[in-house]
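So, here's a batch of structures to check.
Two complexes come next, and they have one chain in common, subunit A, joined by subunit B in the first and subunit C in the second.
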Partner chain A sequence: MLRRVAIRMATGALTLLLVTLLVFGLIQLAPGSPLATSDDGLTPLSSADREALEAYYGFDQPLGVQYASWLGKLARGDLGTSIRDRRPVLDKIAERLPVTLSLNALALFFIVGLSVPIGAAAALNPGSIADRWSATATYLLYAIPVFWAALLLQRLFAVRLGWLPLYGSGGVTGIPRVANMVLPVVCLTYGGLAYVSRFVRTNLIESTRMETVLSARARGLTRFAILVRHGFRLAAVPMLTLAGFLIPALFAGSVIVETIFQLPGLGWLFIEAAYQRDIPVLLGVTLISGAAALAGILFADVTYALADPRVRRG
Partner chain B sequence: MASARHWPAALRRGLVLVLGLSALAALAPLWLDDPLHIDLSATLENPSAAHWLGTDALGRDLTSRVLHGGRISLGIGVLTSLFSLAIGVPLGAVAGFRGGWTDAAVSRLIETVACVPSLLLAIALLAMSPAILRGVPDVVRVALVLGFAGWIPVARYMRGEFLRLKSAVMVEAARASGASDLRIMVRHLLPAALAPVLVTASFAAASAILVEAALSFLGLGVRPPQPTWGGLLSDAREQIAQGWWLAVVPGLALFAAVLGFNLIGEGVRDLLDPRTCQLDKSGGRP
Partner chain C sequence: MKQDPRRCLALVFVCLLAACAPAEGPPDAGTAAAGERVVRMHITQDPASLSLIGKTDLNAEVVGIRLTDALVQYDEKLVIRPLLAKSWEFSKSGRSITFKLRENVRWHDGEPVTSADVLFTIDKLREPETENRTWAPDLRKLEKLEAPDEHTVVATYSELKADALEAWRTPILPAHVAGRDEDLFNGEFARQPIGCGPFKFVHYIRGQEIVLEANDDYWGGRPEIDRLEIKIFSDQQTAYQALMTGDLHIMVMSANLWQQARESEHAERFELTSYKRYSAWTLGWNQKNNPFFGDARVRRAMVLALDRESFIENVANGMAHIGATTFPPSSAWAAPDVEPYGYDPDEARHLLSAAGWVDADGDGVRERDGQRLAFTLLVPVSTQQLTQWMADWQQQSWAAIGAEVTIIQLEWQAFRERRKERDFHVVAQTFHFTDPDMYVLYHSSEMESGYNFWSNDDPEIDRLLDAVRYTFDPDQRLAEMHRLQRRLHEQEPVTALFFFDAPLIYDKRLQGVRPSPLGYANTINGPRAWRWAEEASP
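Entry: the complex of A and B
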């Protein structure tokens, strides 16, 4: 078991190294003279900015040396300094993180909190009206682009009804007020329902076909009791693997949602950096989001190995 | 393969949506005004006989803008899907068929690119405007950038398919008659895996259309005044208190296109996987 976890961690470390290589490759697309000119209407960099970039990335050195010295800086937590305000990228990311984390944690909470009952109701009677309607409804929700939903919800609840603020974080620094979080959380949540509730349904149906469940039926347990006692325990393990898929998707969603609702999180920082061609910030956030997703996948895999006795002993 | 009448409902509905939208978009220049024609005497007009879906803040006809936008959105969807297939199919096929080190290398690559959210990757690539993308038309530029991450699900799915197919009896037969690995993969396995290719192609198109719209919405995709669905929704943000049609119509078009491609993907999967068909009919109990 330990061996298994160790191997997984080692491949994870390799992937992390490859993620840094991918980001390093992105840097290589931009450096040197291409930074000075721009044919797409974006502001070109000043010579001072370019020199700062060149000093940080060491563009005058051979590629291998550049990569190694950049990795060394990363290991010390040095992600470079923002072109915009010359503050360390890591500081900028750290101050924006609480908003993004609270937004995503709430969204994840509601996705799981709603999908489990929906999936369970569907699994209780596969093919029933409840099953088919929940499948259709969540499927339609899944195809609604998040920025369209945001636009319509803003129109309805902020402009027409005036119940919720249009955008902003309610004049507080750090984590926004509850009223300011309602629409963003709704926007991040609805799209995940289809995928997760189907996943819950499939896994519950699979697990209730096992022999333990057959024997429970033979003992006269109701279908509902079986679902609660056995189904969830058996289905909980595969559901962990979802974390690995949900984290990148939620992060991409929060880029759009934070920008529309002007919540000062990582996603908005990223978009600002894209508009201002603040390359160190852009790449810093890309790297952090990749690392976060990888951590999610590894966490899921390791917990999976720990939770399933068959995997544990293997 | 069953005749069209026996196709799954999802496939038929998806085809109606996608082909209908494509036909309307393709024929748009023939019967609609110039989508860039500004008429300041008719701004933010309600839907009427002259302007079926009303006009925007500059008096441009929304019907024309939505359908011309559809040419770009659908075009980028199809183009991205082709790029994704061009990378994903060979990589996934070789990884699944060869196994061993090849598989390990491709799987690591897939995991690496999959870690970084594709929207972020696309935005970073577009914002840096690398030299290789200079001077490339917007549509191709966006499609290339989207294809850069879009091949991941294709490769994953193909890897699984080829892993399953490689133990088929026909592979052994082909090998016994002296066929090379490449020949087996191209001549024998690829036709057998055609359905998965179609399935992933339509899912790839759906997600490309969504991401492209997000990029245009954020002002990083195809540039104005060229109408795109994402760009039209971004314009609608400025008129938040008026002109409901400006926010509803482009969104509906986008929704229909994404739903259509998703339905086609799902339908083809059901059509070629008899297991899921039966599962549905017997209410989830095979």
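Entry: the complex of A and C
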């Protein structure tokens, strides 16, 4: 078991490195330079100034050397310095990580927490009104674009009713306030309900077709009792895997949500860095979010193994 | 072991709860004390540094101009006014300026402001690591800066331009504080900047706000408001919503949002206005790499084919003005006798035929020597729908006179790259002007690496550009500008299609808002002159 985990972690680390190499390469291929200003005034940089700056930031080095020096610093736990504001990338990520983490953790919690009862209700009587309506409702939600939903929610709850804050994290520390998180979490949650609740339903129905369950029915147990006693246990394994895979998807979604609600998280940082071609920040955020995604998958694997003895021993 | 999965789930659950537990941080420092007169405005991005001169952009400028004074500053009409310098004099030789500094001006920590501070600031500003792009380029020709006494500064140039004073809008830093930092960009000073301006620094929360308070001892008089909160909103929609909830008191927005605000139930709470900007939406015609636009008749024909008046009325909510040249029509520099080209498709067709472009095969597209009149229009991608509408409108209008246009829309950085390589036929873009010196746009010496992307090469235009740049007598200079505009209008190397107005909206009780072409906060007055109407409780 431990060996499996170790191997998974090693391949994960390798994947991460490849991802950063890919990001580094893609930024180089993209037109534009981090030294270009975003304004369109009429004061171009003189070539002497440009050369001085390229030397200052190390852009005069060959690309291979630039990437290698980034790796070298990484090995010492240094993610480099942002080109935009020249602050350590690690500091920039550290001050924004709590927002993204709490946003995603809450969204994951609510997606799973809501999808399981919805899926179970649907699985209780496949083809029933509850089944069909829950499918329709969750698919409708799935079809609503986030930026539009966010705008409507802002209008209703923040502007018209004034119940919830409109934007920002509300605190002076990195960790956001609960009220500030309500709308962003709703936006990040609703789209996942359709997929996960259908997944839960399918797995429950499948598991209730197994022989143990058939015999349970033969013993005279009610459908509900069967679902609770056997169905969930059997369906738990694939559901855990799914939760692990949800993490990367949520992270991608939080880029949009953070920007709309002006939540100072990693997603917003990433967007800004992309516009400014701030290579060290882009690499840093890729590394951290990639690590989170891989950790999610690893977590799914391990819990899978813990939940299913066949995998554990195998 | 049977219990394991459940235990595991329980653990996950606990972790999740822990992650979402509310944080009881220190009390929100953004909340103003009762009775304080607070105004909240916004910028779109965290400044790269609060060093006031490091890597400055419009956002940093808005903060800097509040915290500290420059030697001179624009007023609302973009006329240079004295600030730290009470007077200045151009030398007879025409190569130096002598500034007399105001006495009795003090930094926020009580130390006096002297000429040594000016010397320190300009030294720092010109270091490449400061990456100043706002003022440093204009100081390249500055040869020597001396301080004969505590309140005199003499600037000697290798070449002095008529607009030389503009660069002296650079904010002045206290040498005794900022000079202590090894690294000005992110040092102690940039964390707690000190100036001699009308507002003092209170705090800065990244991604959220920069808060300033009135300087009771400001030499020009204390501001009427007590506190200025500069919020950071990168998303315009969210900023607009914040305006509706009162979290923001003033903002410039797109014409669409402005229209929406006017029709909203909150409309009566706001002053809805607009101001004229010196920003032109332009078309640059590449005269070198194609058989079309080397001929001024073809360039003029393209302009005559565009019904700009109806576009303004029907699409731009009436919030734009037609330009005759890149000299803003609302500015004091505009030549009154240079009228924009009107809408005259027949004349356009006639000009194209005269230039040899005829549709002989009847396919709707003109040709000459077997070459079809088919070209590309390079446009930057914008969040503003208007950019797309303009490109479509041009494509249709030009099709009507027998030209086939392909629109190439590129992300901003990619767009810049293509433009820099001169790899386009027609390029559309916005230009902001703060002065009438348009040398870099049109001078033949700027063809290779400057902003003359269109390879404009006209000796007469070169001569007039030089005259505008180096004529110091205001009347004579204006006459040269007018001559330049006449020539530009004939040649049409760049078409200033529209000068868009900036839709401005602010809380009705806020008084003293006087926008300039640069915005509502980038001039000598701005928030310093704002005040709340009696009994207003923001």
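Methods note: the second predicted complex is superposed on the first by the 248 of 314 C-alpha atoms of A that agree within 3 Å, B and C clash if a C-alpha of one lies under 4 Å from a C-alpha of the other, contacts with A are read in each partner's own complex, and residues count from 1 in each chain.
Basically, a contact is a pair of C-beta atoms (placed from the backbone, for glycine too) under 8 Å apart; a residue touches a chain by one contact, two chains touch by 3 or more.
In this text, all values refer to a predicted model and were calculated from it rather than measured experimentally.
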| item | value |
| --- | --- |
| Contacts of A:277 with subunit B and subunit C, given as first, second, both or neither | both |
| First (subunit B), second (subunit C), both or neither touched by A:56 | second |
| Which superposed partner A:140 touches (first subunit B, second subunit C, both, neither) | first |
| First (subunit B), second (subunit C), both or neither touched by A:74 | neither |
| Which of subunit B and subunit C A:259 touches, first, second, both or neither | both |
| First (subunit B), second (subunit C), both or neither touched by A:151 | both |
| Touching partner for A:11 - first (subunit B), second (subunit C), both, neither | first |
| Partner chain in contact with A:166 - subunit B first, subunit C second, else both or neither | both |
| Touching partner for A:89 - first (subunit B), second (subunit C), both, neither | neither |
| Shared contact residues on subunit A - subunit B and subunit C | 30, 38-42, 151, 154-155, 159, 166, 259-260, 275, 277 |
| Subunit C - residues contacting subunit A, complex | 1, 4-5, 8-9, 13, 15-16, 19-20, 22-23, 25-26, 28-30, 45-46, 48-49, 55, 57-58, 128-129, 131, 133-134, 137-138, 140, 185-186, 205-208, 232-235, 237-238, 241-242, 244-245, 247, 411-414, 416-418, 429-433, 438, 440-441, 449-451 |
| Complex contact set, residues of subunit B against subunit A | 108-109, 111-121, 123-132, 134-135, 206, 210, 213-214, 217-220, 223, 230, 233, 236-237, 240-241, 244, 247-248, 251, 254-255, 258-259, 262, 280, 282-285 |
| Interface residues, subunit A side, partner subunit B - complex | 11, 14-15, 18-19, 21-22, 26, 29-30, 34, 38-42, 126-128, 131, 139-140, 142-148, 151-152, 154-155, 159, 166, 205, 248-249, 251-252, 255-256, 259-260, 270-271, 273-275, 277, 279, 282-283, 285-286, 289-291, 293-294, 297 |
| Parts of subunit A lying in touch with subunit C, wherever the complex brings them together | 30-33, 36-47, 49, 52-53, 56, 84-87, 95-96, 101-102, 105-106, 108-109, 151, 154-155, 158-159, 162, 166-173, 175-178, 181, 233, 236, 259-262, 264, 268, 272, 275, 277, 303, 306-307, 309 |
